[in-house]
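Working notes for the structure below.
The first chain written gets the first letter, and so on, giving A, B, C and D; residue counts start at 1 in each chain.
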Amino acid sequence: MSKIRLGILGGGADSLIGILHRVAANMFDHYEITGGAFDIDFEKSKNFGEKLGLDQDRIYKDIDAMIEAESNLPKDKRIQVVSVLTPNFLHFPMAKQLLENGFHVICEKPLTTTYEEAKILKAIREKTGSIFAVTYTYTGYPMVRQMKKMIAEGVIGKIHKVDIQYYQGWINSLIHDKEKRSNTWRLDPEKSGISCCIGDIGTHAFNMAEFLTGTRIDKVLADLNYLYEDNPMDIDGTVLVRYSDNAKGVIRASQIATGEENNFCVKIYGDKGGLKWEQENPNYLYHLTEDKPLQTLKPGHAYNSDFSLEGTKLPPGHPEGIFDSMGNIYLGIANAIKNHTKFEGAYPDLEEGVRGMMFIEKTVDSHKKGNVWVNLND
Amino acid sequence: MSKIRLGILGGGADSLIGILHRVAANMFDHYEITGGAFDIDFEKSKNFGEKLGLDQDRIYKDIDAMIEAESNLPKDKRIQVVSVLTPNFLHFPMAKQLLENGFHVICEKPLTTTYEEAKILKAIREKTGSIFAVTYTYTGYPMVRQMKKMIAEGVIGKIHKVDIQYYQGWINSLIHDKEKRSNTWRLDPEKSGISCCIGDIGTHAFNMAEFLTGTRIDKVLADLNYLYEDNPMDIDGTVLVRYSDNAKGVIRASQIATGEENNFCVKIYGDKGGLKWEQENPNYLYHLTEDKPLQTLKPGHAYNSDFSLEGTKLPPGHPEGIFDSMGNIYLGIANAIKNHTKFEGAYPDLEEGVRGMMFIEKTVDSHKKGNVWVNLND
Amino acid sequence: MSKIRLGILGGGADSLIGILHRVAANMFDHYEITGGAFDIDFEKSKNFGEKLGLDQDRIYKDIDAMIEAESNLPKDKRIQVVSVLTPNFLHFPMAKQLLENGFHVICEKPLTTTYEEAKILKAIREKTGSIFAVTYTYTGYPMVRQMKKMIAEGVIGKIHKVDIQYYQGWINSLIHDKEKRSNTWRLDPEKSGISCCIGDIGTHAFNMAEFLTGTRIDKVLADLNYLYEDNPMDIDGTVLVRYSDNAKGVIRASQIATGEENNFCVKIYGDKGGLKWEQENPNYLYHLTEDKPLQTLKPGHAYNSDFSLEGTKLPPGHPEGIFDSMGNIYLGIANAIKNHTKFEGAYPDLEEGVRGMMFIEKTVDSHKKGNVWVNLND
Amino acid sequence: MSKIRLGILGGGADSLIGILHRVAANMFDHYEITGGAFDIDFEKSKNFGEKLGLDQDRIYKDIDAMIEAESNLPKDKRIQVVSVLTPNFLHFPMAKQLLENGFHVICEKPLTTTYEEAKILKAIREKTGSIFAVTYTYTGYPMVRQMKKMIAEGVIGKIHKVDIQYYQGWINSLIHDKEKRSNTWRLDPEKSGISCCIGDIGTHAFNMAEFLTGTRIDKVLADLNYLYEDNPMDIDGTVLVRYSDNAKGVIRASQIATGEENNFCVKIYGDKGGLKWEQENPNYLYHLTEDKPLQTLKPGHAYNSDFSLEGTKLPPGHPEGIFDSMGNIYLGIANAIKNHTKFEGAYPDLEEGVRGMMFIEKTVDSHKKGNVWVNLND
């Protein structure tokens, strides 16, 4: 069975979102990055595409060139799905063009800059029937998926309270300076739409609130904070949300929660119990009940749902971050092979392996001799 | 600059270690998996190689075939480095053969089954000068690297106490049953060498004890536990270690710490402070001093060393596991594209993106109208 | 210097609030419980007073009897301050009567059942100038005091965001049953005033919001939840609060956060940093900044303010709960002395002390002999 | 039923251990402090006794005077039990004298300075049959008691691994200076017996190891650290302990674990599960099993044993430290009554109570008017 042919728009150079999508695409051996336009500067794009090992003729000048060339290829060579990783205001035109030309789409959030545009995409997709994903990344965590399943199965009963927080502090460092705040694209409605804080992170909280409960929110009442008269974009806000008269909630988002990083926390309570999850420690799902000890669920255990287990790659107790740990070691080795300067300890050398074997033998030796001291290095 | 050509021995089918190495190799766009022998069953190996998108003629029957064919290729096509992911007892012969034929080697731990074999590899490598890495994976974590640097810079002063623990509980489920314990390959010295617990996880603790301090351990005194007379392999042990008369330590390892997963903890104390790190929550490094509040360091911040920052791919506050979260979403999309059955919520659909845009606009609307309720779905 | 003579109204039998106030009064050797009326049943009150070791003639039938008798005593014998621990609706008349008769007052919260009554007490106190404390207990924690001081000293700069949560789940077990909810005094406006959740715990959050910031809240916007039409009292609510246009906050309180105990959390952010504290782990104060590692302050350290240190009785690292641990041991001993049935292990017997001395000597012996096994029990 | 008459030797002035014992004695209303000798300076002792509210003639010059006078009192007036809170080397002679004169004894640890002395006390007690408690305080924590019960009931099955740590860092600040270390009484064998670290805290770990398992340790193998040649006392050590050939353990104690406060942790594993507890967060008991989520038990819940519940004074979710919080507030009030200078916020004044009532009413008002802003201060 062949891999899915994936195109990428944007995400070149050091783009973090680019790395994230490429690693994700490689993770389960389902995708092959086949082509793309990675940068508005065509030269840079070409260099980047080469670094990824792409054929020269699948590295495109822009989306138009890509669509034209790919559409002329036979169906079994053609890019099937395209990841849109460009600046926010380009999401809409690009996604639209891709849909209209028969591609599946993976689009970074926010989907568009206005609700109006979003509805247009929806209408087109209804005709084309394409796959169209918006990468609200957090819903992919194994314990978030487990939480969704437990709620669906009635583990916490009928929900009456939802509390979601997404606190960051990064904008504090520039909001208090008039010069700085007038020069930040995030605070410029032309580039970022009508909202900064709600648009960037409040929307994650909202998506989670509907994803987990499987229920639509009915109405909202918001109090936002702009902090300065001359600042046109919210940087903090509390939103009262109502699913129904008896199921209420609150979404809290901030970019001036100074010192917070990505403190995204979810708490949902029903008449049989509660569930809590925190993005910064994503491997723990807390299940509260009235009469039993607090239970902490972790990924990979048989007690989890298939939906959760499908997303766990390693046995219990390895934080998913171990991929990165191994990735860093491969990076160290690559630097060594390429004769780059390397950090001492960038990867464990043969010498460490030899000492490891010595340790094992000497340790067993100490025990067998009656728990006595044994020298290493003999 | 072209990618490094990587070969793989073993790691086929559902091998977890295989996934881990492939994801790691892809992470920084430095490697291209070029060939390999993934399974002793050649048919299975071929299917697997195809799934990875390899050329048919770079999928080999065995290591001999691979070495012969690759050696005949021009230097700029030839596999440069090989990852050895086979069962432990094959590490030695394969690594030896690879070294002797001019390949760089990445070898899973334990390096060999005896100290003697390890010393042979060391002697060969001294002649060839190849890159040879042993994947003690944990040394790749950003906060472990930061810990090493802080110790090297004297942040905790002269070290006088090292305490390392690696507790698992998995063998408890089979050790108490005579039948089961006699049929486990881990407890068979023929297949696993002379030690189970120390050989598998104690060796990680030992490696960490030397990696972090930059100092060699002088001697050991061990008390191991075999629990049953008929069990030839240790499954638990405490090892007193001595760097010098005034710098002492203890390594504790267990596979009968029932209920533990991979509870690998490191504590190092010197005359100016202490440092602590836990593998199951790898993004936190604790720095203790006598007269200041406890400090908790996290990856990606400017206060970290270059060595640590080089291994961080995302801004602070995203657990490295977010790669997996995104990976799971790409998997969901792949299943949709391939028309496989999918879990509801396996990826966020366009519909979620549309609602997100609605939420943002309605929220700002509520605020601007004076903090009043606004209906969604209009 | 003699102790302060303390009278107590209510708090008899197994009253938890009674135990709490008595232990607190004894803690620093400043008070002597001199008299009181502990129960509406005079017999029970007399027995209880005797148990406390009070003189018979200082155990009173009711507040009237107490005030009359005490007022006739010479000033240096007379009760100086009275703790009002009776049901909520009695707080107002009792506090009023005490103030009017020249006593200092310590009153449990809520102060009264209406704002009107509260203002009356305020007016009287302005004339008498008495000491009048309302026991918002949480402000007495050392780390809460440290937080107040740090904010006052500008450590987190100008405050722009306050987020306080008090979540409990206890009312979930009775709110869903029509019978039960109509028979709960907490849900009866006659007995509990106009509010259940806000009145009982929201008020703690509000007090903390003003205590810590040293600033008054200007206005509120609330969304409460009653869950059932026939329930007249709020059991959950979110309150938007505003200090000023640029300093906003949110108070969240719930009694249907199923499974929560007393999850009272405080987060305050300013332009220089943030501070966080959680009541269920009260010895940790988290200080966040933009460019330094997270700092965790603990009680008793010299880096704390005098205000905080004054309230710490033990060296760092002993949770304040160690008083209770020792208290439990004294209880075990009391039961033994009084020949009550006792739990095995209720207190450490001499035998344990003997073994402790043996352990010390044998351990040193093992070391001195060169790290060898030494038998105990010789 | 009258209170138990308690005498106290030592513990005067600012003695922390004195405060701890007095608060504990008062906690359940079982004891009345009746007399004592609090200081070797009789004047100071008298002042201190007066502060405690004792009769002048029950404040004694020394233990001899106390024993003589009390022995002459009728049995129902006489001190029944005496707490020995004097320096370590006085424990033995005082406890001996008290036993020989018919008193019950509560003795601080370590019981004596030698194992020999301890055995003498044991022999005397066997004749007198007195109550004799040694205050290994930690065994009084509710969750430690719960742990003991669960082990006794077989919840974690047959124990095969015990791991106990008591790490402090305080001696680091003086051990590295030759002058300082030679002038510390803790490091002087004349005053402190043969061991510093093992004698002071290792003994707590040992006691816990036997208390929790209900099983005696058979033998030990120790490696201690003295750090400097001229230091005669251990300040760090690891002790291998053996209950039997298949139940092994390790006790780790240190006073040079720089930056640690009272990091006393207990881990016990059996063939059905594991239990973990940490002294610095004493309200959490962790129960690990192989196939279920981690369970966290907390005090006061019905799922706990009677033995544990007997030692819990408050409903779940109030850390036991809340006694101290209330104690601090009573202290603030005392200072106000006595006209001492006071810290702002030292206790919540009537004003705070008034605002609390206003908050409740205005909040309900906002909700009832349809979630609108309502000003406070009207």
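The rule is simple: a residue touches a chain if its C-beta (ideal position, glycine included) is under 8 Å from a C-beta of that chain, and two chains touch if they have at least 3 such contacts.
Chain identities (UniProt): A, B, C, D = Gfo/Idh/MocA family protein.
Since the model is a prediction, treat every value here as computed from it, not as a measurement.
S.K.: Would you kindly say which chain has the C-alpha centre located farthest from the C-alpha centre of chain C (Gfo/Idh/MocA family protein)?
M.R.: B
S.K.: Across the interfaces C-D and B-C, which one involves more C-beta pairs in contact?
M.R.: Result: the pair with more contacts is C-D.
S.K.: How many angstrom lie between the CA centroids of chain B (Gfo/Idh/MocA family protein) and chain D (Gfo/Idh/MocA family protein), rounded to a whole number?
M.R.: 43
S.K.: So what's the Cα centroid distance for chain B (Gfo/Idh/MocA family protein) and chain C (Gfo/Idh/MocA family protein), whole Å?
M.R.: Computed from C-alpha means, the inter-chain centre distance equals 48 Å.
S.K.: If you average the CA atoms of chain C (Gfo/Idh/MocA family protein) and of chain D (Gfo/Idh/MocA family protein), how many Å lie between those two points?
M.R.: Comparing mean C-alpha positions, chain D (Gfo/Idh/MocA family protein) is 21 Å from chain C (Gfo/Idh/MocA family protein).
S.K.: Which parts of chain C (Gfo/Idh/MocA family protein), given as residue numbers and ranges, touch two or more other chains?
M.R.: 221, 223, 240, 242, 260, 287, 294, 298, 371-373
S.K.: Write out the stretch or stretches of chain A (Gfo/Idh/MocA family protein) touching chain D (Gfo/Idh/MocA family protein) in their complex.
M.R.: Against chain D (Gfo/Idh/MocA family protein), the touching part of chain A (Gfo/Idh/MocA family protein) is residues 221, 240, 287, 291-298, 301-303, 371.
S.K.: Quick check on the complex: what are the chain C (Gfo/Idh/MocA family protein) residues that touch chain A (Gfo/Idh/MocA family protein)?
M.R.: 156, 160-161, 163, 167, 169, 172-173, 176, 221, 223, 225, 227-228, 236, 238, 240, 242, 246, 248, 250, 252, 254, 256-260, 267, 269-274, 287-290, 294, 371-373
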